[in-house]
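Working notes, structure below.
All chains are identified by letter, namely A, B and C, in their written order; residue positions are counted from 1 within each chain.
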């Protein structure tokens, strides 16, 4: 079992209000599963990812990765096993450092020593990694990442997140801020990299068509709970309209969700 | 052709003879006392016939409180090939000696309280004047002013070399005289009011030495003295009008003149190695009758006999001797 | 040009301090004000040890070590105690004022006539003192600069640069940003203290007040260098810092030398220095404007 969440509760206090972001969530992921997560605003999707990654501590419950109880571990300690890509294409890379340096930093997740970061051998390796992306980035290794476009940066972030062979890849609406052409490209890259290395993936998306077509499992969250958990066969049979119908029957009336195409988080990072 | 060369040689020779002497004067900061020293030096030279612009050219340097700039100023003097350096105050003098120590350009320091402690002695081209005040004499004066005096408060800046030395001397002299010195540290002018206030109720008199920081903020100390009805003795005669009850010490202009005499001697040919460091003597004694009335203080007769002068109704009166 | 040598001399010795400010301010994006305290700390430690008879090279090294401890302290205040960076540096600086006084025992320690690391090196190399000092300073400072350049190309050094650029991102790759900040500040202040130790030996005295304005001089050096060179990459960035430092010192010397010609008095020094620096910064823009280009 790659990931196991048992009885996760997370309550945020905003002034005098208490927001229950996660209410008793149980989730188990086997190796190789590609799970898409869908839900309305405030459903708890981003909080879920934060709890798994360690940037947010649950009030109750346990997080196990690869069998180890990591509930009390800080984010940088769990980072060894987790890759993460955010919605903001600027977040995953160091803008003032070169493409080569960024990638090289992502190669290793353990202790760093005094050896040179970019040996000629490493540079050759990085060039080979960039070629299949199809964005001609292998020629721009010496450029500052800040000069790349949003789509290019996000593609690089996805590559970096998978480089050190993480146990688990967390994707938080990572194509939502890109134009359709780039979003398509990044999605393609994601699928290929995940497929090649068989990385267990949890992908939050706002688009129901994506949620249905990608991966082999679909989870729907509403108000801090997992309301639907569909296997590959079950979701194959559904169309987007069927999904919408299912939601309505479960009590989800979020227009933003139902209009598959608008997924901007206007509630901020704290809860999704 | 030869006539031309000869003519040029004579011309050069005359111009060399007539070339004005370059004197570099450097001080650490803009301060009335230090400015007075500078003026004293210049006046002595002017009176001796060295007219500015003709016989002598002055190059002024003001480090504006930045020690590293003091070095740059000295280096600038070296680059401009000055014939003599006058350095006012300790850090400036240290910088000047550091730059000129291996040359034969004379350096005359001024307003340095402890030349030996500052490392300025022992160089054949360096001499100068010291503004060391008579701390023990001041404490003895306080004993006369305040019968049964046991505790004296000193506000000072521990970051000023001169001041730290004088306060140490006061503590030692105090021990001999049976007085306990209560120090109050103020690292900047902004800290002076608090430091002065902290002494109220703990001491019977206040003493301020030639501490640039505290003297700059003297009004705050005067406030405290008035509040606690404490006698305030300041070792700087210009502080009289600012509210000190008693002023000792000497006029920095006079100190500058003394320095000017040393410069004059060197210009006339005496090598600096033969001129010992001169310590300022002849301390004055000024009594502030206005302040005395304000805090209800009565001067003992013995003091009045020794006084150089009085401040009364805002005007200074020098006493006949 | 009699101003050139001293400007380069001082530019290099103070350049070590500017490199330290570069590390904290630019690499780590941490506004570290403790340098106003660590610069005189280096001077105080070195001076006290030299007067006690220590070898000046060793004394300077120990001074650098003291600076590293102080820098790490600021780092710990900021990371473990969650005190805002600016305030953490100020706290360290305030503490160091009293600590420096304690170390020296008095506010001013003269080093005239005492062995100095720089002049000892000049004599050992048999060079004349006039330009020997620049050579020694150049060897030392450029040597340190190259080691720094190398360091920032190692895995650890790159992780440090990334921390300043994007602390959240580095966490995702197993780098603990707190450790990087503490390490970086220790390195930065070690350099600043070393600079202080060398300046004290160069000036002939250590004074508790000689740290005032260090951060200003450091930042001016870093920014002037950047604006003139527009460096890409670490190697040129550190060159820019040393260039900026020399220009800043040169500006002071120029202001001193020619200020009176323009009618400025001795008290206008600081204003003049700023004007010279401003002139240096505007020169490329003015040149481009005259050529009709976009600045």
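Here are some notes:
We take it that contacts are C-beta pairs under 8 Å (C-beta built on N, C-alpha and C of every residue); 3 or more make two chains touch, one makes a residue touch a chain.
Remember, it's a predicted structure, so these values are computed and weren't measured experimentally.
The touch graph of the protein chains shown is a line.
Chain centres defined as mean CA positions place C nearest to the mean of all protein CA atoms. On a Cα centroid basis, the chain most remote from subunit B in this structure is A. Once the centre of each chain is set as its mean CA position, subunit A and subunit B turn out to be 73 Å apart. Separating the CA-averaged centres of subunit B and subunit C is a span of 34 Å.
We define each chain's centre as the mean of its Cα atoms; on that basis subunit A and subunit C are separated by 43 Å. For subunit B, no residue reaches two or more other chains under the stated contact definition. Listing the residues of subunit A that touch subunit C in their complex gives 53, 75-77, 79-80, 82-84, 91-97, 101-102, 104-106, 108-110, 112-118, 144, 160-161, 164. On subunit C, the positions that touch subunit B within their shared complex are 2-3, 6, 10, 14, 97, 101, 106-108, 110-113, 129, 199, 202-205, 207-210, 212-213, 249, 252-253, 256-257, 260, 265-267, 269-270.
Subunit B makes touch with subunit C in their complex at residues 30, 59-73, 75-76, 79-80, 90-91, 94-95, 97-98, 101-102, 117-120, 122, 158-161, 164-165, 187. For subunit C in complex with subunit A, the residues that touch the partner chain are 151, 153-159, 161-162, 165-166, 168-177, 232.
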